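As written, the chain order gives the labels A, B, C and D, with residue 1 at the start of each chain.
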Amino acid sequence: MIIMKTDATPKEIAGVVKEIKKYGLRADVSKGRYRTVIGLVGDESKIPFSHFATLPGVKEATMVEAPYKLISREYSKLFEGEVEHAVVKIGDIEIGGDKPIFIAGPCAVESHKQLLRIAEEAKEAGAHMLRGGIFKPRSSVHSFQGLGATGYEEAREALSWMREAGERFNLATVTEVRGETQVDLAAEYIDMLQIGTRNMYNQDLLTKVAKTGKPILFKRHFGAGIEEFLSFAEYIAAEGSKDIVLCERGILPVGKGKNDTRYTLDLAAVPIIQNETYLPVIVDPSHATGRRDLIFSMSCAAIAAGASGLMIEMHYNPAEALVDAQQAITPDELKELINACRGIHKLTKLRKNEKS
Amino acid sequence: MIIMKTDATPKEIAGVVKEIKKYGLRADVSKGRYRTVIGLVGDESKIPFSHFATLPGVKEATMVEAPYKLISREYSKLFEGEVEHAVVKIGDIEIGGDKPIFIAGPCAVESHKQLLRIAEEAKEAGAHMLRGGIFKPRSSVHSFQGLGATGYEEAREALSWMREAGERFNLATVTEVRGETQVDLAAEYIDMLQIGTRNMYNQDLLTKVAKTGKPILFKRHFGAGIEEFLSFAEYIAAEGSKDIVLCERGILPVGKGKNDTRYTLDLAAVPIIQNETYLPVIVDPSHATGRRDLIFSMSCAAIAAGASGLMIEMHYNPAEALVDAQQAITPDELKELINACRGIHKLTKLRKNEKS
Amino acid sequence: MIIMKTDATPKEIAGVVKEIKKYGLRADVSKGRYRTVIGLVGDESKIPFSHFATLPGVKEATMVEAPYKLISREYSKLFEGEVEHAVVKIGDIEIGGDKPIFIAGPCAVESHKQLLRIAEEAKEAGAHMLRGGIFKPRSSVHSFQGLGATGYEEAREALSWMREAGERFNLATVTEVRGETQVDLAAEYIDMLQIGTRNMYNQDLLTKVAKTGKPILFKRHFGAGIEEFLSFAEYIAAEGSKDIVLCERGILPVGKGKNDTRYTLDLAAVPIIQNETYLPVIVDPSHATGRRDLIFSMSCAAIAAGASGLMIEMHYNPAEALVDAQQAITPDELKELINACRGIHKLTKLRKNEKS
Amino acid sequence: MIIMKTDATPKEIAGVVKEIKKYGLRADVSKGRYRTVIGLVGDESKIPFSHFATLPGVKEATMVEAPYKLISREYSKLFEGEVEHAVVKIGDIEIGGDKPIFIAGPCAVESHKQLLRIAEEAKEAGAHMLRGGIFKPRSSVHSFQGLGATGYEEAREALSWMREAGERFNLATVTEVRGETQVDLAAEYIDMLQIGTRNMYNQDLLTKVAKTGKPILFKRHFGAGIEEFLSFAEYIAAEGSKDIVLCERGILPVGKGKNDTRYTLDLAAVPIIQNETYLPVIVDPSHATGRRDLIFSMSCAAIAAGASGLMIEMHYNPAEALVDAQQAITPDELKELINACRGIHKLTKLRKNEKS
């Protein structure tokens, strides 16, 4: 990491960037309020930091051992002058802002009619964004893989329904991209691209999605520690993309007895990540618990823990859903949940404001 | 399980109990509002249920496969006529009642002065109960094991301080018993006996503590699934002791990287256990996270998830504490936490009442 | 799954395939020694099995609930007439045959000279195949990502070194492909393509690699149960590719204290998978333990558990390696290990032959 | 830890011990070949090491941070002059010696006849020791808890059968003690006392068993890391008892899908513990896998990993066993297993001898 002097000239900055490239690394130039900091992307062990410290305009050149720097609050402090929480904007929606954001919709998009009806009911219940799976990751090749699996034209059609539903009911849209070849197509139609839990480690997909410039919803792998999760978010940031929303969705449980949930929601990850990075964090209680009757409690708990929003599976008739029928809630339940969460958020927010 | 007819006579009940003993099992007689149910403690495979079904006064005799029956809501429904949540009373404190209960105090009792000061500040902050470790389970034999480890008289003295502090500040008291030989002594002085996470599987200790007739705070082992946790609570209930408060305190995490908490708080366990049993559930965020800065968030989350109370480590000067200094909060922080949790509990309670 | 009669004609088989397509599923036709079985790839719930049972040439049409069928021993029994273990052939090497196969080489290919020297020493030590990472999955974007990360031409050059080393020393070659865009290039040069632990769930990559027709080394994800592992191997088999070698490489441990290994080698998975599928299983002790001093013991244990081979990181000077220096062994250590494993394999093999 | 000079007199040693007691700690005096080392049992932070370093006869006084010292190879090196592996002797049986030791027997002792018959067949198959559960830890209070649960006299009788069977067939005996009150009774009859996986953290039981002076078989808890396991073994050693055999028996798995074993056998723990301590390590594949068909493979793997012995559940008619019927093997299978393991042990031993 190369920290430039406050009065470093553009020419001096360009000189450092050029020097970095000589060593086979990429330079990530961040112009802060007070100064410019140049991050190194690549193998830092090749860099002679003492040499860089002598270049014109350089204040400090140091090895930073942390596997993530670009998304770290500590790092951003160096050039922004103070710690801030980023807000990810999608149209007039602000994730990480003053109000909790609710994303709702079906696990899988099944038909035009199904999607439009759910979108309308999500809006009425108070949701801000519409989710809907078109490229579904599934454990079994013999299960329904989403409409996107049928073919290119079917995928395009389903994506266009998402756009249509979003526009008609004033909901921003988000869908998961599962493979590199789906990214450009999805980016044409959808406001925010999701990288699912099973693809957290898929660095080629991360890079590909980051290059679209779209806001990204990035889910933690169910077997990943927090540091690992943030290290992979750094792959996205390394492409210059900082509109990243992190999502806790449950990690592998110790036991899997009769009453254990499929995954254990790690709510402590919410304040921990908020302390480590400036990125907003939301929670998905639907996939974590896999049980409709737990969604309300765990949603309230997530907001109480400080989450900036929730992602919830909703269906007008859960029993009918082709995928994950046992975890979707009804529009009425969603409405009740959103109201309760808003109340809890106000109590929590109050305290945060008092503190600062 | 033998379900008696509504009009079964005491003599008929005694007859069934006698018959059960013949087969080498014990009988747990529960007189409900509507009927009496007789639970079998021992190896049920030895029981000829068809024979029992023909005894006078017997309505039904069936094998129940569940490893816990005495603490199960489903089972209690059979003879109580409707599902209820039990309230565990300690003096005028009701755990599982209308208000959340806060238990606070030092990890380890260190001196008379330390304990009395903390008790006073806990009371002022709004706590209902005082915790304080005298027999400390420790990973290393070379660490401080609590004042109780020094000798019998030292243990008695420390226990008497707990009683004194409780009486002076009108706080009920709770302390952990770690081995069978400590139980009777602790029961002389303390209102509620705690079985710690590492002793969840220690069935001989469970039985011994149950026999004191004292209310019991029973913590989940960090490697136990929910079903296993409840199966061991059943060991306590099998002694006729139903004043059991269950405590979620974190389970083993998937990762243990730089930012992961020591344990993962499994908050979904709160509504799951409340659904499975009629016993109240509280949460210990101090041991789960091991980090002072996470206690507020996770306390709010626990109450939002439906917990009936919290157990929090508090010290007037956390840095001074001999054990677990990094996880204790100050009296001021405790006060703020209790206020926030009360607000959240009101929102949650409201919803529960609307439902019923 | 549609099981045809022994005397079903090609026309009858084609008729069933056509009918399956009508319902939007794909047909996987397996001609066995005794009869043909048609597997269904897609959502089986759409299929009216009773209707299919009446088609000409059909013996039986049944729903099979198992998430993997194509790679299952039980399934293959239906049309092959007896249970067999498949042998995956790469040139004259037989994985799953009479002798254990040893794959050795550097974690990362670093230079032409490094690779050629290691290949020569691997051959001398008794290895059959050469491994070498060109596209490296890494936790940190700021670490060395392999020569393949520098650019297309650099990737091609490094791949050509693998081919050269393989040809010169008569070693078959294997390298990991990490993203979809690398597959075709790697397939030009390399004998066997590896899907790494972090990509086990990357079904788009699995499908892409399967389509090359190359033998595939498929590693278990460190957070995956055995059933899940096999369900994803089924994605490969669903493309008609049955030359799959499964690799156990350690799963997430309970603890990560000072002395715990990075991952826990699940050696029971070896006999379990051999019982469930006909595919050969090898073990990678290098990534599982991450410690050079444990490689010998765990290699012996893996072969004793019944593994068909081992994949070992080796370097003439481990301390020099750019990646995972602490887990590579020397050529001499490799030689000793191979000799010991051969001895153990003979003892184990003997018993297997006696049994059958 | 206080290291005495080579020529320190008994009076000087006694002086140091006296001084240690002043600070409220206990002294563990180990007389080595070359010098005496005094371990501190208690809170070392109270000790002014610089003061102790000036006492007569003291060579060095240092804080050792490791949670285990008394069982550590590194520590024993300080006063024994070289690293050695301890051999635990039970009559003429040497655990940790030249030959692998096989412990076999029923999960639970059920009758005099059952035990005697199994003992005879275990001996014929080549076993050295007889296991048999009398005080059974069980997940459900409603399951068979062993003959010891029926009453004091029944426990004594079952224990006497163990002694009788051991004497008649020249087998040393081992049984689990589950609670503190069972220890003295069991020690009257049995050669080696076992502390089971669920009691690993039960430090009061550990201390109680250590005081009997009997050799101890100490099993790892299924949720414990290696460092934690060794830290609790230190509780036993702190009582002066060094005849400890450690037992790996499987840890909690990541997944619990259809094909996963109940626990994951962590065989890397064998060489790791052998490197950390001088204590012998054996393996219990029966409880780890819970599946009869995996016992042979995992036994071979355990011996290949360097284990000093195995503990195996055996029954002449497994289907009849009251407890864990699905994991017991037959006498013939035991014989075959012992033969294969002896062959593998010779190969492994050979290499160890060549090395030294």
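Observations
Keep this in mind: a contact is a pair of C-beta atoms (placed from the backbone, for glycine too) under 8 Å apart; a residue touches a chain by one contact, two chains touch by 3 or more.
Only a predicted model underlies this, so the values are computations on that prediction, with no experimental measurement involved.
The interface with the greater number of C-beta contacts, when A-C is set against C-D, is C-D.
For A-B, the equivalent interface among the listed pairs B-C, C-D or A-D is C-D, as over half of the contact pairs agree by residue number. The distance from the centre of subunit B to the centre of subunit C, with each centre set as the mean of the Cα atoms, comes to 49 Å. Centroid to centroid, with C-alpha atoms defining each point, subunit A and subunit C lie 32 Å apart. Per-chain Cα centroids separate subunit C from subunit D by 38 Å.
Looking at subunit A, one finds that residues 222-223, 228, 252, 254-256 touch two or more other chains.
Residues of subunit A touching subunit B in their complex: 222-228, 230, 251-261, 264-268, 270-272, 275-276, 288-289, 293-294, 296-298, 300-306, 336, 340, 343-344, 347-348, 351. Those residues of subunit C whose C-beta lies close enough to touch subunit A in the complex are 24, 40-44, 67-69, 137-145, 150, 178-182, 198-199, 201-205, 221-223, 228, 231-232, 234-235, 238, 252, 254, 322.
In the complex of the two chains, the subunit D residues touching subunit A come out as 223, 252, 254-256.
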